[in-house]
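Before anything else, here is the set of structures, which you'll find just below.
In the two complexes below, chain A is the common chain; its partner is chain B in one and chain C in the other.
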Partner chain A sequence: MGLSEDERWALIDEISRQTVKSGGYKQTLGDVLGELTVKPLTGIPVAIGVLYAFWSIFGSFAGALMTDGFMVKFFDRYLLPWIQGMWPDPGTWLYFIFVGDPVADNCFEAFGVLTSGLFVAIGVVLPAVLIFYLMMTVLEDSGYLPRLAVLMDTFLHKIGLHGYAIVPTILGLGCNVPAVTATRILETRKQRFIMMTLLAIFVPCGAQIGIMLKAIPDTIGWVFLYLLIGYGIFGFVLNKVIPGSNPEILIDVPPYHLPAWENVAKKMWNRTKGFLKEAVPFVLFGVLIVNLLYLGGVIQWLSDALAPLFVYWFGVPKETTGPLIAAFLRKDLAVAQLAVIPMTAYQMISSVVLVSIYFPCVATFVVMLKEGWKELVAAVGVLICVVFLYGGLIHLIGILLGVA
Partner chain B sequence: MEGNPGGDAGNGSTVLLIGNPNVGKSMLFNRLTGVNAVVSNYPGTTVDFTRGTLIMHKKTYEIIDVPGTYSLEAKDLAEEVAIKMLNEHRDGVVVVVLDATLIERGMYLLFEVIERGFSLVVALNMMDVAHDKQIAVDARRLQQILGVPVVPMTAISGEGVKDLIDILRKACVTDVMGIKSRLSGDAAETPAISGCTGCGRC
Partner chain C sequence: MKTEHTAVSIYVGIIGMATLLLGLAQILVFAGGTELTVGIMTVPNDFFRGAWGGLVVAFAGALMLSGVREIGDIQQFSKVVLGAILVWIIAGCDIFAMICESIPAGEEAPAFFNSLPGFISGFAPPYAPAVLLLPFSLVIACLIRRWGSSDT
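Right after this comes the complex of A and B.
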């Protein structure tokens, strides 16, 4: 017992001298690539290229090929008319809850549990989540993530984090739940708190991105820009306000290797299974709750009560109250609901940003609670301030640009 | 949770996979148990522990995949989890997983585990990468010096995993004094090593 650090290292030196023989160092292709992707001069263009490729594959596969090419046709032409025709008595509340609008000609507008609910979960979000996880798995398994962490380190230090915060951020783009747990790799409480708060507020999950791509394909770029700017601004502010340290770290960069397809397949399967088991019931349940609240007049009452706030402060129609309630259950569902409310393009951008930042979904909420209730309470406090300040700011920008 | 009476105490049925981040503990865990722990190529994938079971020679082992750590002084929450797991399973078997290309780094943690008196086995993982990098590790000499079984293996392809399973019940405690004397070549301390393929009882 009780060796000192130096004694340990001395022993280790001697052991490795006696047991390890290294041949001459040969630079491999992997080493060269490793260098190129870490040095800023070449690394930043590579990072932009990688993210662009990520995005365009995501958009063309999930958006164009699966959703528009197959799912929309299937749901709107076959499933929707079939259910509308089959379910008896369009006037009843059961019809309203499960089928929705009897004359709707697409699954976005119908808004029943079995029409929009299934369409959002299976038709739009599932393909998006699948392709997203496939690409994320490749990023994870190839060894690119830690290199991105090295590149991002300087920027992330400005917002109270270090390079490694890119890992929870990217995981969060898939789902915020594992991302919150992944904040444990950050060293101080301050860092973890900042990361968790930013995740909950500014990082949209894969399901949400998938549905945005379908619902607002032309303006999704603006939504992302607002979220990214918010991530930067509020990270910077939190860093100044919150006490605690933000130490430098040494990042251990593993060698590149080709992802083993077996592992990729296994991870894809686990994540997809997780999605089907946890997210799909929540979407269906969410539609049910929202429809019940509509029937009970609760949403009407709330949107009248909140109308001044929504209309004058945030500059969005008061009908967005309903989606904001749904957003607590599932954000993808909320965006789908927003898509059918008539409003201007800028109002749409504002309201989608509001849905993203206003509250974490219930699953994220639960894991945050597991990481510490004090942090959760503080994060919610920050969140409320952010929603008011940033929501107002976005409205103000719209006014100044003359588009609000 | 110190001194956990009965249960898994004494019979060594709990096996903890310990090692630096990104040395392949989760991959090994999946190989051993068939449970799917998430595996990625970046340090810090596992931030919480995962449990699974391995049944071998009618004996059931509980395998625990522990978050990677560089030392037993916690720097972050994931490392705290690792240390807590060790403290809760004082009589479990520890498999210290080393990256064969970076054994110096992993040995710091190995020594901390040795000093705490755990019964252990060393898994010398990533032999394939070491081979590609022309790094040769003399596993038998390492075993002789350390006085615990050392199993060369490649978790990603499954090579050597069987050997590791077979050797689990030969896990043993070693001590720093013995290591020092064997290191300086006092042969008196190393009986019966020749012809032995790794029972570690030497």
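Right after this comes the complex of A and C.
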């Protein structure tokens, strides 16, 4: 037997009396701080401060403590001499592939699968990825990331995206693979395409940043500046050229709170595990392929064939062909290779920017393919145009400044 | 209560002004290109710690100064707190960098870990401006606690 209308209302009143509490709202300090961090005038200084902290902690932990403090010593002083001593006959091609240069006194320059390959993967990339994901998760779980999204919304709308595009962008600074997947949080195909293309071209991954900190600590700021400018310019152009809509979004901004450390540990472990599964085999495989190409004379042939393009259009030495091939497998590996090629500081900046914008690494390529082959083909088309235009433009800027 | 607010305003005003000036000094030192050491304070001249860090310190000072008037109002006090948080962020990063650099032994040393005296010597002066501002800005942490207790 059902309830009458009056009985239903009476029941609702009773439930409300028991469950709903009413009272005056009093703004707390936390509420006001939350509001201040989304207002541009006060929020932008805080964002600049938070990003400073992000990179400072990243550099101190991954660079000073782990890589320079422990890993370099372990790999150069113990592992390299041990492998060089254990491996028979330095004149063989197997030695060249797995150990590398027999007279090298550090793993960075040896360039063998078991020397540079392991050093890059474990000694440089692992600490960088660990600390990156820890900080990323803390920002996410403390409630700051949605505020950063609100703050960046106006700028990102100018390049066809919205505030939440900051999530794949920052995620891409760790690894482009999960970042491409994260583009699904964007509403339209146009937005997803723009984001995916910008990620593949202008957002260097954590492994690459770790190697850049080691190889070009003094000029890394210029590389980032060029990439940031490119992100803005080409995002703006893509927004004008590509048809489609760029809708507004509503973001639920949670109050600030301390992250639950169990969640932080879980998220960090899952992200790091996924990354290592892909990174370590690709780095080792990358060194193997590049060494085989060197042995087969392919790199030399390509260097000679592409020399006019590299030397006259991009303004970099023709030897950068090898690293650019390696970049398709792992960009961090390519930067490590660039670091040992003799060139001027500006050529080094140009080369590292070229490695960043030239092609997504193969893992990113595969994930982009999963998102749709048409998008991938279009993204590669955009990428080729960007490499030629932006690479040439950077060379031109160098000529005008008298440093190229 | 009003006298207390005035005293707090004066204190925050002085700290805010010092923070702003030190932040601007960091940017100027970066522009000048030579590291500056005065007593126990060193002003770095690199882009990251000098210019970028200096900019954040200057913002912190500006935020503190903007909240000095009517500091008893929650909106104003929050600006002061935000400025102090920025100082804590920069100082915290500087201290974390000192810890990270002090844990491993030097490149030439045979051991991996630094000795205890070596580790402690890593914290010897000179310090970056934000680290020197840290103890003075911690007074604001006490004010936050008092604000919290008066809130409840």
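Structural remarks
Rule of thumb we're sticking to: the second predicted complex is superposed on the first by the 378 of 404 C-alpha atoms of A that agree within 3 Å, B and C clash if a C-alpha of one lies under 4 Å from a C-alpha of the other, contacts with A are read in each partner's own complex, and residues count from 1 in each chain.
One rule holds in what follows: contacts are C-beta pairs under 8 Å (C-beta built on N, C-alpha and C of every residue); 3 or more make two chains touch, one makes a residue touch a chain.
Quick caveat: nothing in here was measured; it's all calculated off a predicted structure.
Contact with neither chain B nor chain C is seen for A:K318 once the two complexes are overlaid on the shared chain. By the touch criterion defined above, A:N263 lies against chain B but remains apart from chain C after alignment on the C-alpha atoms of chain A. By the touch criterion defined above, A:K26 reaches both chain B and chain C.
In the superposed pair of complexes, A:H162 makes contact with neither chain B nor chain C.
Looking at the shared chain after the overlay, A:H395 reaches neither chain B nor chain C.
By the touch criterion stated above, A:F61 is placed in contact with chain C alone, chain B being left untouched. Of the two partner chains placed around the shared chain by superposition, chain B is the only one that A:I15 touches, whereas chain C remains out of contact.
If you count the residues of chain A touched by chain B and by chain C, you find the higher number for B. Residues 26, 28 of chain A lie at the contact with chain B in one complex and at the contact with chain C in the other. Residues of chain C that touch chain A in their complex: 47-49, 52-53, 55-56, 59-60, 62-63, 74-75, 77-79, 81-82, 85-86, 89-90, 92-93, 96-97, 99-101, 103-104, 107, 112, 144, 147-148, 151.
Against chain C, the residues of chain A that register as touching in their complex are 26-29, 32-33, 36-37, 42, 45-46, 48-50, 52-53, 55-57, 59-61, 64-65, 68-70, 72-74, 221.
Residues 1-3, 8-9, 11-16, 18-26, 28, 137, 140-143, 145-146, 164, 167, 181-182, 184-187, 192, 251-252, 254-257, 259-260, 263, 266-267, 270 of chain A are the ones that touch chain B when the two sit in their complex. Remark: chain B residues 20-22, 27, 30, 36, 38-45, 47-48, 67, 75-78, 81, 103-104, 107-108, 111-112, 115-117, 129, 132-139, 141-142, 145-146, 156, 176, 179-180, 183 touch chain A in the complex.
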